[in-house]
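Paired with subunit B in one complex and with subunit C in the other, subunit A is shared by the two complexes that follow.
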Partner chain A sequence: MENASKSPLANEPLLRIEGVSKIYDGHIKAVDQVTLNVASGEIFALLGGSGCGKSTLLRMLAGFETPSQGRIYLGGTDITELPAYQRPINMMFQSYALFPHLSVSDNIAFGLRRDGMAKESIAERVEAMLKLVQLSQYGKRKPHQLSGGQQQRVALARSIAKQPKLLLLDEPLGALDKKLRVSTQIELVNIIEEVGVTCVLVTHDQEEAMTMATRMAVMSAGSFLQVGSPKDIYQQPNSRQVADFIGSVNIFDGLVKENHTDYVLVQCADALLRAPSNQACHLGMAVGVAIRPEKMALSRKKPTAKVNHVAGVVVEMAYFGAHTSYHVKLASGKVLQVQVQSQADEDNADLSWGDAVYASWGDSAMVLLTQ
Partner chain B sequence: MASLMQSLKGSTPAWLTGRRLVIGLPYAWFLILALLPVLIVLKISLSEMQTTAVSGMVSWQGAWPQIKIDVSSYLFLAFDELYLLTYLSSIQYAFYTTVICLGLGYPFAYFMARAPKHWQALLLMLIMLPFWTSFLLRIYAWKTLLVNNGLINSALLALGWIDSPIEMLNTPFSLMLGMVYSYLPFMILPLYANLSKLDGRYLEAAADLGCHPFKTFWLITVPLSKAGIVAGCMLVFIPAVGEYVIPELLGGPNTLMIGRVLWDEFFSNNDWPMASAVTIVMLLLIMLPLTIYNKLQSEGRA
Partner chain C sequence: MNSTALKWFGRSWMLLVYAFLFLPIFTLVAYSFNDSQLVTVWSHASLRWYKALMHDSDLIAAVMLSFKIAFLSALVSVFFGLFSAFALHRYRRFTGRGLLSSLASTPLVMPDVIVGLSLLLMLVSAQQALGYPERGLLTILLGHTLLGTAYATVVVRSRLTEMDSKLEEAAMDLGCRPWQVFTLVTLPLLMPALLSAFLLTFTLSFDDVVLSSFLSGPGYSTMPMVIFSRARLGLNPSINALATVTIVVVSVVVIASTLYSLRQERQRKRDMAYRD
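Moving on, here comes the complex of A and B:
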């Protein structure tokens, strides 16, 4: 890995963002010293709440905003100052921004015509694009005559028609209703992979980021909290904020009681926890221990182990079909979320409101959070 | 209070409530103040002029009403070249006024819509400001500016740029100046209203697809502001065709405009049927293209 970053010519990433900041009115840092490499063929997601700077970063890649500091390189070329209309980058806009006065075909052909492509080649390409997004019958329609899902596909076709080096997606599924979103996610990824275009997408929906991206960055207050594969970030969040943002999580606060090379003992209000160690922690340090709800088990019987279990009372339960979700109130007043697979739940079939239970989990289910 | 409302409610006839009233009022207004006068004018145009009054259209022969329609005014209109020339020249002046207003108004509205928000209110104020002074006064003011010993000629003479005053007043130039000056706000306002609503994302999308800003203007901004252009052109063209005051005060005796012919027929010749026929034909000349345009528009959208 280190070698790769030291020899940029041999292994230049497709997109290189170097210390980019965007400062408004002299002091408001929308994007703060962001550095990132995106390799060719990746689908990279920028995930964060509103106002975290993800859209500003995307707009700087598209060329609609100029960075206050830092450089952006595409395929080794500095594009920081290049105007939007000269960048080999295309974007699919949040609510599509399809030209309302042009037909679907003319929308898709718009970018190709600007390149001075021959008429026959344009017609061919438009035809191929329509086929790719399964809208061959709709070329002559106006955007307002299409459904939301169809408009989304036209927007995608328009943004990949020019075969850009980099495709930007701004909340690609944000305007669709929930049911359509799930099927469209998969369809979208299939098309992107079929075309083989490198992709940076912006979303506030962690599920969307997890399903679509090969790698992602969690953003907050203009900078990256963590960059990694969806699995890494879900399993090994590096901070409370990331753990909290991605999926549901239970976090126990406690003090490090024993610090060993392969594990640490953390004393919490409700239990003694034995978690995998973390280089940054030291004896007596105040830490958080994160456990995902689906990694816990519920039982009426007290577990035999000395660590990694808590006692509580069921205060809430909801059946979701594939799994059942419980809220368990602990002695300290903390409410734990526990998710149990329905098959594994036969022992607990008669669990009900007000029952006393034990929640337990293995060592590897925990992540020690030092920040 | 509640009981008062109750009693008021009780006393209102059923047909005069809420919805009907709201829809009915504008219709009533239109019928009484627009359609009815036009019908009266139409009636007069088909009547015969008697020394001081217009003849009645319906006369009674026993129990049978006799309707007398006199189309002589229209025949006269069709065969006298003067009227045709006046119509053409009116339409020509109105057309040039519209084109110049569009040429001047579009950039104005465009930059106004793109100005910072706090500037926009001020610019809008400046456009409305002339309306605080009487239209007639403003046209008279132009007269004093353009006349041979007026401000402009005096200034040019004093600067030594010209040797003798330029004949400006009572020429087609002064007429066009007055028309464009008067109608420009009616072009700018609908264009501004339209352009300020233009979604910036369309411009970004065009740039993103490799379109140069100049080209984006013609390919995206102009087509998307079509509704504003049409509204502005109608607001300028229609009243400009029938304009009377500006040609009378700035146009001189040789400018042929239908408004002045109308005035002459009504008040100099005292020929009301002729004047009414001129009016009806003018109305048709303006309405027909508009109706056709509207029909095409709605068909194109369906």
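Moving on, here comes the complex of A and C:
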């Protein structure tokens, strides 16, 4: 069967989600018409706030929920109706869900035993998994005898022990404290890449999504706002919501004053902006212009250009070592966030609360948001 | 009142409460070694009533019957309690769920007298209509199981509510069919609850006198029933001996289980200390 399905579906992505919806009580759309392809080897992140439908989508992939509409294909096979225990998909749960009555080794062996694997092979695999997550001496312990970070590694070992085609991670670092998270993120990605398993992860933490994922989707109200690489989404958000959700951002509201082939002039309350654009705009259209705080520069001198700068007063500043963060209040009352690299900041070394400054930036720093 | 006086007041109050609770039991134990015919008059120490107890075949039969009924009804109660609790916990919507839920807890709040009386009326009419069941062991078992199932359901259900539902999902995710989820994950995790449900329903059955009185037939008297009926005729000191034996047995079980759980707790603490 595998040979037959291989040739015509050579370009078939590993996971194909087609128009999947989950509707509760006849009208509550938890997931709304989601279509997505995930290629083999990808680490794909579903990012969104609570109640955006990301967890429901993940649970449908795992087989704990059945889609109300649409189909899910894994390696070309329709798995929409397949029960969870027959899917070659494993999940690492947010609270780890380690079986408290079983030892670490038995937890890892649990899925292998269900497959009727030979005893010696199970022992071998468990040993290899323990080594992979660096818990070789801990096999005989019970889960409650381990620290949070160790439990998380056991959960990971258990979910990849069966060598699933697809690994699902539900808020993989959600239960760890912040200090552990950063080191664990990298460790987790290393293990996933070493095993080479395709991965779909759910998170509400944009930093987590950006460091771990090769591609991600920003979700809201059951549908995708934008799908792309973390870099694309950060630098080219396609809507206010996405720009707002990913990192900090300054958004200027204004009206289109001039419409050119590759840029538009936007008149805002505080400035005239020349934003690159390839989107259809018409004169007088209300648009937003997003600028990341780190792409702005501060100066006491008024910039010579006619566009892309604003005047304001420093109302807040914080030194973070590598960079300094300023809040600049504009004439309109809007407060701008500006982040300046400490090295580049020598001429601003004496900037202080209440100083009048100009913030400026280049054309390419701006992203035009029409929705 | 100054603090020393308050302290002494507190201590003597506590002593008084303990005396009230335990003095009757100690008196009973002491008088079981009394040689006198009269329960209330001390003559000298002897094991006379223990010997009498050994030859009191009625009483021994009653004790054996009580054990049998308590064991069987506890077993059946825990079995039914497990499944009714599981159904109520797992299936949020089915016809008659509300009815089952309230029926399962009704025996907890209904006075035993009323439960016993209504059961008796039902069983009598069943016997008239079908010629079955004869009142005796089976009918007492039915009554005790009814009560026990209600208690077992409550105990098991509260444990199920505490249990992380993700554990069952994880089991399914790792390839367990629904019945394997139940036998490999749910059941082992419920074991402590099942054990305490068993002990509770066993005790309930063992010292029940109301239901048994309504439901028993000729030749089927449980231990509490025998003690109760003899107490009305004037107590025989061999009852003291029986009570002492019961107290010793219960104390041994309680102390053993306390020691066991203490050891478990200490083990758990030591495990926690291992964490790094």
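Just so we're on the same page, the second predicted complex is superposed on the first by the 362 of 371 C-alpha atoms of A that agree within 3 Å, B and C clash if a C-alpha of one lies under 4 Å from a C-alpha of the other, contacts with A are read in each partner's own complex, and residues count from 1 in each chain.
Keep this in mind: contacts are C-beta pairs under 8 Å (C-beta built on N, C-alpha and C of every residue); 3 or more make two chains touch, one makes a residue touch a chain.
Predicted model only: the values in this text are computed from it and were never measured.
Undergrad: Is the arrangement of subunit B and subunit C around the shared subunit A a clash or a fit after superposition?
TA: clash
Undergrad: A:P100 contacts which: subunit B (first), subunit C (second), both, neither?
TA: Both subunit B and subunit C are touched by A:P100.
Undergrad: Check whether subunit B or subunit C contacts more residues of subunit A in the superposed model.
TA: After superposing on chain A, more of subunit A is contacted by C.
Undergrad: Which partner chains sit in contact with A:G111 here, subunit B, subunit C, both or neither? Use first/second/both/neither.
TA: both
Undergrad: Name the contact category of A:A331: first (subunit B only), second (subunit C only), both, or neither.
TA: neither
Undergrad: Using the superposition on chain A described above, determine whether A:N90 touches subunit B (first), subunit C (second), both, or neither.
TA: both
Undergrad: According to the stated criteria, A:A280 is in contact with first (subunit B), second (subunit C), both, or neither; which is it?
TA: neither
Undergrad: Check the residue A:Q145 against both partner chains and state whether it touches subunit B (first), subunit C (second), both, or neither.
TA: Once the two structures are laid over each other on A, A:Q145 reaches subunit C alone.
Undergrad: What residues on subunit A does subunit C touch that subunit B touches too?
TA: Looking at subunit A, the two contact sets intersect at 62-64, 83-86, 89-91, 93, 95, 97-101, 110-111, 114-115, 158-159, 162.
Undergrad: Residues of subunit C touching subunit A in their complex?
TA: 164, 166-167, 169-177, 180, 184-185, 188-189, 268, 271-272, 274-276
Undergrad: Would you pull the subunit A residues touching subunit C in the complex into a rising list?
TA: Against subunit C, the touching part of subunit A is residues 62-64, 83-86, 89-91, 93-95, 97-101, 110-111, 114-115, 141-142, 144-147, 158-159, 162.
Undergrad: Given the complex with subunit B, which residues does subunit A contribute to the contact?
TA: Touch residues, subunit A against subunit B: 62-64, 83-86, 89-91, 93, 95, 97-101, 110-111, 114-115, 158-159, 162.
Undergrad: Would you pull the subunit B residues touching subunit A in the complex into a rising list?
TA: 199, 201-202, 204-213, 215, 219-220, 223-224, 226
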